[in-house]
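Following are the structures in question.
Next come two complexes built around chain A: one with chain B, the other with chain C.
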Partner chain A sequence: MQNGISWGALGAAISRRGVMALALAAGVSFAAPYAQAAPKTAVTIGMAVEPGGLDPTIGAQVMIGQVTWQNVFEGLTTIDKDGKVQPQLAESWDVAPDGKTYTFKLRDGVKFHNGVAFDSSVAKFTLDRARGADSVNPQKRYFTSIDTIETPDASTLVLKLKHPTGSLLYWLGWPAAVMVEPSTAAENKSNPVGTGPFTFGSWAKGVKVDLKKSADYWNKQVSVKLETASFRFINDPQGQSAALTAGDVDAFPEFGAPELVSSFEGSDKLATVIGNTELKVVAGMNNARKPFSDKKVRQALMMAVDRAMVVEGAWSGLGTPIGSHYTPNDRGYKDLTGVYPYDAEKAKALLAEAGYPDGFSFTIKAPQMAYAQRSSQILQALFAEIGVTMDIQTTEFPAKWVADVLKAADYDMTIVAHAEPMDIDIYARDPYYFNYKNPAFNEVLEKVEATADPAEQDKLYGEAQTILADDVPALFLFVMPKLGIWDKKLKGLWENEPIPSNVLTEVHWEE
Partner chain B sequence: MAGIFRRPVLAIGLVITLSLVAVALLSLVWTPSLPSKMNIVQRLKPPLGPGGLLGTDQFGRDVMSMLMVGAWNSLSTSFLAVALGATVGSAIGVLVAMKRGWLELITMRGCDIIFAVPPILSAMMLGAFLGSGRFTAVIAIAVFMVPVFARLTLAAAKQIWARDYVMAAIGIGRSNGRITLVHILPNISNQIIVQVAIQLGLAILTEAGLSFLGLGMPPPAPTWGRMLADSQTFFAQAPWLAILPGLAIALAVLGLNMLGDGLRDVLDPRTRT
Partner chain C sequence: MISILIRRIVSLVVTLLVVSLMIFSVMNLLPGDPAAIMLGTSATPETLAALRAQMGLDEPIVVRYVAWLTGMAQGDLGQSYTYGVPVAGLIAERLVVTLPLALMAVVISVGIAVPLGVAAARRHNGLFDHIAGAISYASIAVPAFWVGLLLIIAFSTNLGWMPAGGFPGWDAGLLAGLQALLMPAIALALPQAGVLTRVARSAVLEVMNEDFVRTARAKGLSERLAVWRHALPNALVPVVTMIGLQFTFLIAGAVLVENVFNLPGLGRLAYQALSQRDIIVMQDVVLFFSALVIIINFLVDLAYLVIDPRLRVAT
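And now, the complex of A and B:
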């Protein structure tokens, strides 16, 4: 970086006379046998959508975590690149045999970026804030099973639960469960202060967020190579492609246009890395609104959908069809695409049975992203085959979509990629924008938390998937792959995305 | 009448415009295939191949059918918008020319205000307010057509009002309304007709711009602007998806501009250059 600055300054100061001297100097320095360019220590990561804030404990947008999680903020536990739970600010833990008491041994010597020490009181504050009555934590329900929080000493945290919660350690690793310092909690939205390897630098709204390496990161086992990191926001795939080619952006971990990916093939500068994600594209229906309140109508619409056609047309064939709200990477996955396979004739018959022999009309609120717009157009054509008219209304994501659909549930149908891993429980939430209510489904998910046996949990997850595949609260379409395009010399970025993130801890430039 | 075709600009403009209108009208009764019919297996097929004369798009839809229906959507929206703008604008223009005084001042400054905002921007504001659709596009385009016609008719009508025969009409006690109908309008109609042709070209360009930004007619109705917008990321694989609607827009604007210029030469000799 130092090198970069001095060259930049020189470039600006060049006068016509100086060019010769400079050229000579450059020639000499390149020719000198011992001269070595300092390794690059800055990276610019591209993202399609800018987050609305930078505090993952108060906002649901995955983009918040994609900037801050593991970079600025850390949790008691963390989730590694294979999706496994690992200790972080909690060094170790002990779970009582009844599954209702968790005793965490917290790490000593951890300081927030503002110098305040991390201890059990901070952890208690964070969890109380997340589960409190006026909490706006996006995953608030994950903390509801906590009954009391005790802090016998500065490095011990005891969670007493109302009932066993088998996924608690996993949830504590989520962006929404990161530790926040009490005095900065209110400001984290615009000036995040955490314990991570990077401190917040600046945020040029609409352009980029800058992070700087933390001077005294607690974890001495990792050596953070980057001095600075920027997240740049480029919505338009053409712009993303141009920025990558020009080198303005070093990496686009979630490149926006599959049809452009082939243009990077054979590039000697850029690598194409296609990995797994948890991005489930589902067309949610308002189960409380007619005619979607009728299960037969929902099933008929599902049968009207040719998933293979949606994947091919919307995402150039780069995607995996799904039959429930679950991805093949998730534990206990069942392929349920055969429950309501594409069959326009049967769909028509079922629609007639439900009392709509001539079809009906409704509106889909589709966000502006390419996958949503294209999928909507294909659904529109597919529904037209069974006599159902769907009008497409484009809505702006995230702000307007969150307000109208997610919060107000004022919609007939919508389409969005659900990014959170293992979030099948959203169908048990009340309220949630699907307005789906099925006590049998909720019961299965409660059983998942009640047991600690992984095999039993996997079986129960299978049951939950089957219920959804049959009830069709949303049209389950496909899982998007992670289209990673980045500089071949850039190493350490995650290939897969078990949780939406851009973890920079191990990112470095190869010499 | 035969004299018209001794003017090449007018002739070319007329031929292009009439052909487009013919294609647009034809699309109402016949297209090679249904423009909304998707056939994913046949996606991104180049022109002159199995995908049809002009190829297929990313959903396997027939580009030629889409362009034809797009011609109808584009032309009908633009005609409606210009008709609305010209009617309202001209009415305001002749009315103000009749009254003059402070009304003229207010109208002129009102026009200035509308001119100060770029048309695409005001159209976007309207689109956000009314939601996208043909109605929005028509209103948005008409709104900035109104001051164009209001100014033109006001200036033209003022000249006519100063003529001796109008003075004579006033002298024998004809009402202002009757003078406007009998003397003013017939004498400025040529200028309005020329302006209509010129503004049509602009309207087509604006309609395409609105569709490009997603504020035009919603899918599945094909529009040239949206075809162009959708083609962007496919340019390397399927350049015809960008070139063909681009050509259609360029051709339509060129044709209408030439028609407007040609008509001006014939109908409005004073401004001939």
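And now, the complex of A and C:
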């Protein structure tokens, strides 16, 4: 969500590679005896990478939202665990027939953690801040269709749009669109103040973020069972494993190493819950550069790829092959892995037809993360079978990758996990690092925004997926699984991740 | 004596200035734009420009350098891009991990190396000398992070005696804190102890052949006393030099070991800052490391004056 690529979740786990194992912290192992009397009301959630700042409206890292979204901050709308838009601080809305006026009825009695009331002026402030000239909101593009904002009364907010924007309600549910209090907005990065069920406690930099239950949460329909919650940052998969086994951490919703997952099988204490994420691993190609400018070459490379083998080699077989830039979580998903299935012979023939009977050579700029390196190695072997030589050049992520690939588009092929949900529109962006330009595709996405009819939108998303599957601007490989490992007594965590998050509202300990 | 001190202090300040310029240049020449990293893949050019302006990255490089220096002169190390808090506080929080870690490593290194080096010198070319030599060469050859891995496998994974990593914080108690630092300190200390053993051995050997040691022996002093009371104090200059060099190396070398043991120390801060291109934090941390090296060298120089009265005469 907040930022495109997986800035984190699967970030740079460089430390303590390889060996080592389910170690146990001697100092903590005795601290576990359960107090029988009172039910447990504290939870420690493990995350691989610490967020940089805690304000999702000014930073793109998914980790920011994974700590704060729905816990500290809430939006006008929200995204539920099935990926559907639900009302939140706006209890209802009305969309004018022309799709250009949205009238929101805001919830009464909502207060920020510092006691300031939430009303239409706050909502206007938040949206103006996100779309203004000096906005540093990572998703500013999603607010630019707003023309004017009116606040006829404290509980009514009217958005007048420049053009119909069918995805507006969805985008308003994103972490980058959460409501912020005007007087504290500037400090949210280090001291977030929101309307959510948890207030910010403290942040031991490099170690953990502590949250506390909010004393007067507006939503009386949910009963928040947790009194405190900690997010603890452990980069190394071996360390994650040790912390889980030792009970230092109650849950790792996104465990870092698929090859270690099987070590938890048969555990009396820990449950393994494998779900879906929005992390689409795609090998983007520079569509403006030869030979990738030739559609046949791209299609041939796609047919040279045995997706199942990539998933097996890169992510221990955990992960779902995809045929387009879309995940089974997403509305209107179509399984398009059959459009260009693995067929080395056909791939060779198509390559010859494109004028490369003897193949060609190129370089992939692959980030240092395990999934990218391993996938690249398998792609290298698969391409070799059709006479194509691929050199792997490791490119530091995020810094160098952002500079060379994302901004300068100076690359042949690259590979990265795109983390933003429903981001198929990146193929319509110009400039964007794929350099893919297809007016027919752009037209379909414009139609999605032009309609407010969900069924029609789903159908259009299907068309968009099909165009990409056929054009192959990037090699569509697989969706990362959500490798959840947590205490069997811990309930209420999301199994899937239609939007990167760790929603704690319903998390509780089974008695 | 005073003039020596003044001269040393002036050269210390000049060195720091030169170093600060080098650090600033290198950090700002690194590929990667911190604003682009923070805003991710969806950022529009306008958003990026707005953030760069907010972070002061649109200012000319000279202005930024001068602003950094004048800020530091007033005790303001700047604000971290990623954390959004003053860097001084971040460094202070991390120092309470890294400094004890490095100190512990020095104590362990000296505790192993000096007795071993002296004993080896006493049994010059004997069996013990050869064994000590082999051990110290082996430990020099082994990188600290790898020693760390072995220690974790042996004492955490297999025996379960020690925590595998992480730091509970000093508020969890002195003992818990020291326990968390013990294995990393050993990992850091072992390669250093190898070097130090060699230095101590050759330094002691050298003075053992000096006349005053022979005289001490001739007086009827036992070999042990001759070595510990007469030879060793005179062999200390190279040993102290080495300890000084090592201490700075230990603080900087903590980067790898802190990553292996998941310790929230300065090294990890530097590493995180580098990967996020939190330039201001990197500048400050590297300058801090450098200042430490320079100041420790200064202190080592002073220590010479204490150890060897002959050096107190201004030349």
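In this text, the second predicted complex is superposed on the first by the 416 of 511 C-alpha atoms of A that agree within 3 Å, B and C clash if a C-alpha of one lies under 4 Å from a C-alpha of the other, contacts with A are read in each partner's own complex, and residues count from 1 in each chain.
Note that in this section a contact is a pair of C-beta atoms (placed from the backbone, for glycine too) under 8 Å apart; a residue touches a chain by one contact, two chains touch by 3 or more.
Everything numeric here is computed off the predicted structure, so don't read it as measured data.
Of the two partner chains, chain B is the only one touched by A:Thr394; chain C is not.
When chain B and chain C are set side by side, the one touching more residues of chain A is C. Contact with chain C, but none with chain B, is seen for A:Val136 once the two complexes are overlaid on the shared chain. By the touch criterion defined above, A:Ala96 lies against neither chain B nor chain C after alignment on the C-alpha atoms of chain A.
Touch criterion met: A:Ala242 reaches chain C, while chain B stays clear of it. Contacts of A:Ala257 after superposition on the shared chain: chain B is touched, whereas chain C is not.
The intersection of chain A residues touching chain B with those touching chain C, taken from the two complexes, comprises 238. Interface residues of chain A facing chain C in the complex, by the touch rule stated above, are 2-5, 7, 12, 14-16, 18-29, 50, 52-53, 58-61, 133-141, 189-190, 204-207, 234-236, 238-239, 242-243, 248, 396, 398-400, 402-404, 406-407, 418, 420, 423, 426. Interface residues of chain B facing chain A in the complex, by the touch rule stated above, are 36-38, 40, 43, 58-60, 131-132, 214, 218-220, 232-234, 236-237. In the complex of the two chains, the chain A residues touching chain B come out as 237-238, 257, 259-260, 262-263, 309, 312-313, 368, 370, 374, 376-378, 380-381, 384, 391-394. Residues 30-33, 36-44, 46-47, 50-51, 53-54, 81-85, 90, 93-94, 145, 148-149, 152-153, 156-157, 160-169, 176, 179-180, 259-260, 262, 264, 268-269, 272, 275-278 of chain C are the ones that touch chain A when the two sit in their complex.
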